[in-house]
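Below are structures written as C-alpha cells.
Shared between the two complexes below is chain A, which pairs with chain B and chain C, respectively.
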Partner chain A sequence: MINFRKNFLICIGAVAAVVFVIVFHMLSLQTNAAVLTLTDKIRQETEYTTLSVNTERGNIYDRSGYLLAGNTIAYTVLLDLNLSNGNGEFIAEYLAPILGIDEETIRKFAEIPYVEKRAVSVPIKNFASRQQIDQIDQRKAFLAERKTTSLRTKSEIQKNLNAVSYIPNVYRYYPNGSLASNIIGFFPFLNPSAGAAYGIESYFDDILSAETIHKKFALDPNIPEVLPYLPANASIHLTIDRKIQSIAEAQIEAAVTHQRAKSGTIIIMDPETGEIQAMATFPRINLNNYSESSTVFTRDNRFNPAVMQPYEVGSVFKVFTLSIGLDSGAIKPNDVYNDIGTFDVDGQTIYNWNRIASGPQSITGCMAHSLNTCMSWIATEVGKTRFYEYLRAFHLDRPTGIELANEEYYPYVEPGDIGWTNLSLPNHSFGQGLMTTPIQMVKAIGAIANDGVMMQPHIVKAIEYEDHTEVFDPKAVGQPISAETARLVTEILTNSLEGEAEKAMVPGMHIAGKTGTGEIAIEGLGYVTDKTNASFVGWGPSEDPKFVAYTWLQEPTGNIWGSEVAAPLFADLMNEVMPYLRIPYDRQYANDFAFYAWTQPY
Partner chain B sequence: MTQQQAYRTPPWKKQIQSLIRVSIALICAFVVALIYLTYSAKLSEVRLNIQEAHAKRNDLMRQIAEYQTRTGALTSFDAMRRRAEQSGYVDIDFYDDATYVYIPLNGYDPHARFSGADLFYPSTPPASPLRPEYTISLQYFLRQRLIQSPYKRGQE
Partner chain C sequence: MRQEIWRNFDYWLFAVVLVLCVFGIVMITSALAGNLEVSVNSQIQYVVIGLFMILGMTFLDYHYLDSMSDLLYFGIIVLLFALNIFGQAQFGAARWLRIGPFQLQPSEFAKAVLIIRLAKYFSQNWYNVHDMRWILSSFVITFGIVLFILLQPNMSTSIVMMVIWFSMLWVSKVPTKYLVILGVFGFFFGVGMIIWILLSPETVPFVQAYQLNRIQTFIAPDPNARYGDNYNVDQAVISLGSGRLTGQGYGSGTQVQLRFLKVRHTDFIFSALGQEFGFIGTMAIIILIMFMIWRCFRTAMRAPDLFGALICYGVGALLFFQTSVNIGVNLQVLPVTGLTLPFVSYGGSSTLALAVMIGLVQSVAARQVKQDELT
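Our next item is the complex of A and B:
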C-alpha cells in the first residue's frame, strides 16, 4: 500500500514536471523575440499573399471640363517560361504578326531557361494595345477549338497557349498632346519612380498621385478579409480656357517662327479675379513623348518661361515707375519734362533708347517716347526709399505663389545691398538691372488694371476631392496704388499707346499698354544691342479692364524691337481672343479705326 | 472486513451508459464541427466574392479611366476642330457684316477720349544731343571727310 502510494506520488510528480516543462517551453516560445520573428516569417510566407492594389492618377481638366490629363490602359504581354520552353516555334508563329515583333526575337524569349523562383516569366512587349490583346484572345480561342487528331497534340497546343499571358497597366495619357503642356507638366509613366515634373503635375503631385496599396491577404479562408480603402485621387480643374489657350499657342508659335526667336510667352489674366485664362509658350512638347523635354529645353530656354525664367523686361517696367511717381505725388499728370536726351547720375550719363532728345514732354509724351531720362527723373523725384517700398508693394521682390512648380524669381538689389549704387535707381526705373518673370509682371500690372487692387494670380479653379470640392476664390493680396492713380495710369497709357505702338491697338476697343525692349547682358561683354527681349503688356478695355495680356519674345532676330514684334503679336492675339473673353466689342469704333488713326495730327 | 455494495449495475447497462456518453460527446463534436464547417464554407464563399469584387472593381476603375480618356481624346481640341470644320462650321468673323448686326447706341461717341491724361502729340522734331561725329558710322565719316576731295565736297 505504501509502495503504491509512493509510486503514485512519483507518477504525479513526473506528470507535473512534464506539464511544467511544456508550459514553460510554450511560454518561452511565445515570448522569445527570435522565435516570434521566425514564426511570423514562416506565417507570412505560407499563410498570406500580398496583393498590390493601384488607384489611378487624378485627372486634370480645363475650366469647361475638357480633359487635359487622364489615364489609359496598356498591357504587358508575358511568357511563362515553364510552359514556353521548348515551344518557342509555335508561340513565335502566332504572336509575331499580332505584336509586330519578329519571330526570332519571340523565339529567343520563349527559350530563356526556366529557373524556379528566379526566371519564371519574361515580358515580351510593354504598352500593347487593347486591340492586340483582343487579337491574342481570338487567336488563342481559335487554336484551342481547332480539331486535332491526337490528344497529345491538343494538350500541347493548350500548354503553348497558356504560356502567353498579359497584365493591364494604367498609365498617364494627355489627349491634347502639346496643348497647355507648359502648364500641365508631365508624369513619366515609363519611369514612375522619377516622379512628376513641372507644372500642375508636379505642384499637386501629392493629391494627384496614384497610390499603391500593398495588402496582405490570408490564404486561410477562415480568416475573413476586407477590401483595403482606396482613396479616390483628386481631380483638378484649371482656370484656362482651351480655346483661348490654343489661339495663344498658335499665335506665339507663329511669332517665334517668323521672328526666329529663341522662345515666346503669352499670358492672359483676368485682373478682377486673378484667373489665368491662357499661358502659352513656344517651344512646347507633346506630353505623350515627354522624353523630348531633355533636348528641347535648356537653362536659357525653360519648360515654362512664364514662371521659370526671370529676365530684364526693359521699358515695360516704366509702367511701375509712372504709377509710383503719380501715386507718391512726386509728379502730376500735367507736369512737363524737358528731355535733353541725357540724365546724369554721379558723373555717369543715361541716354534714351534712341539716343535722341525729345524736348519738352508731357507725362503722356514721356511714355509714348519711352524716355529713359524721364523715368530716371521720376524715380529720383520719388526717392530711393519710397521707390523700393512701392516695388515691394507690387510684390516684385517675391515669387507670385501661382500653383505651378519650379516658379523662380530674381531678387533685385536695394539701397544697402552689395552692388547697389546711385545709378541703380534710374536704371531700375526703366527696367534695366532687375529681372522679373512674366507672371510677376502680370500680377503687378493686374493691380493697375483693377483699380489698384492686386489679385493673387491662380490657375486652379477647383480641386475635386472624393468627398468635397475645394473652390479657389479670388483673393486680393494688396493695394500698391490708389484707385485714382490706377485709372490715371490706364488713361495715360491708353493715350500714349497711339504714339508709341500703334500696332498694338485693337479695333473696337481702347487699350492701355507699354512696349519693352530689354537688352541682354552677356557675361564678359555687358549689354549687347543685337540680342533683346521684346515684350508688350496691354490691358483693356481701358474704361473697365477685363484682361491683362503679356507677350514676350526671347531674342527675336527678325526684328529686335518690342514695338515691332511683341506689340503686333498682342493685337493679333486680342483680335482673335476677344470674342471668347466675351468682352463687348465697339464696332462703331472699329469701323472708324483706320480712318481715325490716319487723321491724327501727327 | 471491507463493506461491499449490495447491488451492482449490470454490465449491459454500463455499456449502454458508456455508449450514450460517447455518442453524446461525438454528437456534440459533430455539431460543433458542422457549425464550424458551415460557417467556414460561408466565410470562404464570402471571401471569394470579396476577392472577385476586388478584382472586378480594379478592372472597372481601369475601364472608367480608359473611357474617360477616350472621351477626352474624342473631344480633344484638334479632334473637335476637325469635326467642326467637316460639319461646315467656320471661325467667328466679327468683321462679317452679313452675319452680325450691330445696333448703334444713341449718344455714344466712339471717339470720346480720356480727359484725365494728356493726349499724345508728336513734339518738336527729335534732335540728337550728340555731335554728328558721334552719331554717324566710321565708314561714313571717313568717306565724307577723308576720301572725298574738298573740290567735290564743295560742289555738294
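Our next item is the complex of A and C:
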C-alpha cells in the first residue's frame, strides 16, 4: 500500500555513504602525520609563555646627587567596552570630576561598540595620578557595597564602575622641567620607539636605556619559576651644579629677553679639571613637554647651541692670535705696533672695527682696542704654517668630544685647501671666516687659563653601574702653549680688559677676558652690520684661574656690541655665581670689605 | 491485544538503545575526569526514566497522537513562547524549563512534536496534489515551531527541524520540478546569507557572533590563535588520532583524563571514546547507531499505515542527521554545533526526548502488519 522502497533505498545509500566517509576520515586521522604531531605542536605552543619586563631607564643626577631625570609611575585609565556599553551616562557622571574630562567625551568613549577581539577596551586617560586612581577605587568599592532597599532601585543597583580599569606605566620624568634641558636632552616616553634625542639622554642611550627582559615561563604549575632578575640601569652623575646652572639659566634668560636676542649661551668650566659647571642656554623647553622642541628650535637656533651651533666668534678669537704670537716668539710682550688704521694684503685692505687709526700701541693696547690690523700683523709675523699648527694644537679643527650628542664643528679652510687665500690668514686672526662652537672656545681658552695645559671638557662626573662606579677623571689632552705664555696672555688680557670692557669686571677679583662682536654673514648679502653675535670670554682669578666663563648672545637687537651686552652679562653672572664656585675674593678686596663692614654703625 | 504488543515489540531496537545508554554512562563516567559540576547519577536516572518511557509509549497507541497532534503542536508553541518571554526577563538564556528536580529543554521535545505533526500532515495529504501549496503548508507548520527556537536563539536545533521537514517532504514524493525549485531557492538563500554575513554580520537576525566565529574558524582557522577557537577541535582530533586501533584503554586516555578535551561528556564524547576505545570502539558505536536507525526504517516499512510509517521515518532521519553532524564535528569535517550523539552523550532532555521518539517507533512496531499481509 505504501511504496517507500525506492526512497528507502536512497536513504540507505545516503547512510552508507556517510558511514563510509566517517570510517575513511577516522582512518585518515589516525594515520595523518599532521594530526599525530599536533600534540607536540600544541605542547610547544602552550607549554611556555614569554613574559616581557622592562627595566627602568637610568637616572641622571647633578654633581651633588640632585635628580635631574628619573622615572615615575603614571596610570592609563581604560574602559572595558563589553561592560561600558549602555552604561556611558553612569560612568561619565562618576569619572568626569575625577579625571577632569567632560562627561560628553567619556560617554562617547564608553559607547564605542564592543567588537570581540577588535574593540575590547579604550584608553580614556593617560598619565592619571595615583590620587585619581585611589578616588576611582573608592568609588568602585562604595558602589560594590550598596544594598538594595527598594524594588525601584534594583535595576539601578546593577550599575557599577566595573568597566573602569587602569594599568600602571613607567614613564620618563624630568622633575625640574626645563632645568639643564639643553644638557639632558629628552626621551620621548609617549613614543619610545622614536629614541632618545639630544644631550646625555641620546649620547648615553645604550647605557641608560631600559632593556626588555624576555623570560620563558612554564605554564605547568609544578615547575617552580622565579621572576627574572631586573638589573638596575646605570645612572649618570653630571659635573654641573644645579645651583650654578639655575643661576646661569636665569641670567641668560634675562639677557636674551632684555636684548631681544635670538638665543643665548653660557658655559662655565673649571680649567684645571675640564669639568663643565654650568651650560645654560635660552630658549629651553620643559622636557616633560618635549614635543615643543620641534617648534621652538630651528636650524639657526638649535637645541643646545653650546655644542651644536658653530658661529663666527669675532674678536674673542684674538686671544688665540695673541697666544700664538707670544708662544711662537714672533712678537714680544713689550713690542709696539704702529696702527695706521689699515693693513694691506694682496691689495685688499683690512680695517679696524671702528675704521680709525690709533697710532703706536703696546700689545695690551692692541687687545684693549681690539685692533684687527694689529692681529693681522701678528698672524703675518707668525706665518701661515705655524699659525694653523697652533689652531690645530688648540683643537679648533675638531669637535671637543664632550659627552653630549649631536656635537657639531666647522672645518675651517687651511692653506692648501680650496677657498683659502692670503686674505684668509688675517681674517682668521681676528675671528672672521671660521666658526667655532662655544664649547670649542671654552676648551681652548681653558688651556690659557690652566698654564697651557688643555683639559678635556667633560660633563659626566661618574656613571654608577649596578656593581661598580666609573669615575671620569680629568684628562689633559694637549699643551698648545707654554705655561709662561699662558700666564703672560692672562696678564695682558687682565690689563686690557680694564681698557676695553670695564663692565665685565668683577669687584674683588682680577679677571682676564676678551669681548667679541662677530658679524653675521648672510648668504648672498655678505656680512651685515646690524646682526651680530655678541660674545665674551673671561677667566679668573687672573693669579690662578679657577673658572672659564663664556657668554654669547645671538643677534641681540637692543645693543649689538659684545662689550655692551655679553660683558655685563658675564659680570652679573660671576657676581652671583662666585660664592657657589667657592673661589676666594682678592685679599685686598676682602680686607676693604671687612673694614667697611666693621666701620658701619649698626 | 497485550500479547500481540509484546509479540511485535522490537526487542532489537530496545536492546540497542539499552546498550547505547549503558555505553554512554560508562563513557561519561570516564569522561567526567573529576568534573564535579556534572553527576553521572543524574544521567542514570534519566536513562532509567527513558527506558520506562519507551515501554510506556509502546502501550500508547500512536493513533491517539493523530488526533492529539494539533494539541501537542500548539501546546509546545505556547510553551516555547512563554519560555522565551520569561527566560528573557530572567537571564537572557531561554532554553531551560524547570519541573521539580528536572531541568528540561522543551526544544528537544519540540522535535518529537514536529515529527508527529508533519507525519499527520503528510499522511493526510498523501493522495492530494503535490503542488507548491502542499510544500508551503508543510513549511508553515515547521516554521511555526522553528521561529521560537530561533528566538531562543538555538541555531542547531532549528537546522535539525528544517532537515526533518525536508527529509519528510522528500519521502512523501515531492515532484522533481519542485525539488529543483527548492534547490535553486535554497542555493540563492544560502548565497544571499553568506553575502549578508560578509557585508554586515551585525545586522543578521538570529545569528550570534560566536556562531559566525565557529563557521569562520572552521573555514579558515587562524594559524596564530594560541588558545584559539580551534582548541576544542584540535583536541578532538588529537584524541581520535591517538586512539589508534584499540585505544589507550578505559579511564586512561590522556586528553580525556587530563582534561585537555573540553565538553568531553557531551559534544565531544565521540572523541573521548575514540581515544579510550580506539578505532574498534568508534566503529562499534557507529554500527550500533546505524543498526538503531535501520530498525527505525525497517519499522517504517512494516508500519500498518502512513502516519506510523512517517513517524518512524522521521525519527530515523533525525537520529541519522544528529549522529552524522555530531561525528562530523568530532572529525573536524563540520563546524562546531551543539548536537548530541544519540543516547551516548550526557543530557537529560536529549535522552528523554529521544526515548520518547524510540517509544513512538516501538508503538508503531507493536502494531505492525505481518510482512506477508502487507504485500
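General observations
Throughout what follows, the second predicted complex is superposed on the first by the 514 of 602 C-alpha atoms of A that agree within 3 Å, B and C clash if a C-alpha of one lies under 4 Å from a C-alpha of the other, contacts with A are read in each partner's own complex, and residues count from 1 in each chain.
Here is the rule we use: a contact is a pair of C-beta atoms (placed from the backbone, for glycine too) under 8 Å apart; a residue touches a chain by one contact, two chains touch by 3 or more.
Every value quoted in this text rests on a predicted model; they were computed, and no experiment measured them.
Applying the stated contact rule after C-alpha superposition, one finds that A:421 touches neither chain B nor chain C. Looking at the shared chain after the overlay, A:55 reaches chain B, while chain C stays out of its contact range. In the superposition on chain A, A:12 makes contact with chain C only, while chain B stays out of contact range.
With both structures placed on the common chain, the touch criterion links A:557 to neither chain B nor chain C. In the superposition on chain A, A:70 contacts chain B only, with no contact to chain C. One of chain B and chain C touches more residues of chain A, and that partner is B.
When the shared chain is aligned, no partner comes close enough to touch A:338: not chain B, not chain C.
When the two structures are aligned on the shared chain, A:348 is found in touch with neither chain B nor chain C. Applying the stated touch rule to the two superposed structures, the chain B and chain C interfaces on chain A have no residue in common. Taken together, the chain A residues at the contact with chain C in this complex read 1-2, 4-5, 7-8, 11-12, 14-15, 18-19, 21-23, 25-27, 29-30, 32, 35-36, 38-39, 42, 45-46, 116.
In the complex of the two chains, the chain C residues touching chain A come out as 170-171, 173, 209, 213, 226-227, 234, 237-238, 240-245, 274, 279, 282-283, 286, 290, 293-294, 297, 300-301, 303, 306, 309, 313, 316-317, 320, 324, 327-328, 331-333, 374. Those residues of chain B lying in contact with chain A across their complex are 40, 43-44, 46-48, 50-51, 53-54, 57-59, 61-63, 65-66, 68-73, 75-78, 92, 94-95, 100, 102, 104, 108, 110-111, 113-124, 126-130, 135.
The part of chain A that touches chain B in the complex is made up of residues 51, 53-56, 59, 66-68, 70-73, 168, 170, 173, 175-177, 179, 217, 221-222, 224-227, 242-243, 246, 333-334, 340-342, 354-365, 368-369, 487-488, 491-492, 494-496, 498-500, 508, 510, 542, 578-579, 585-590, 592, 596, 601-602.
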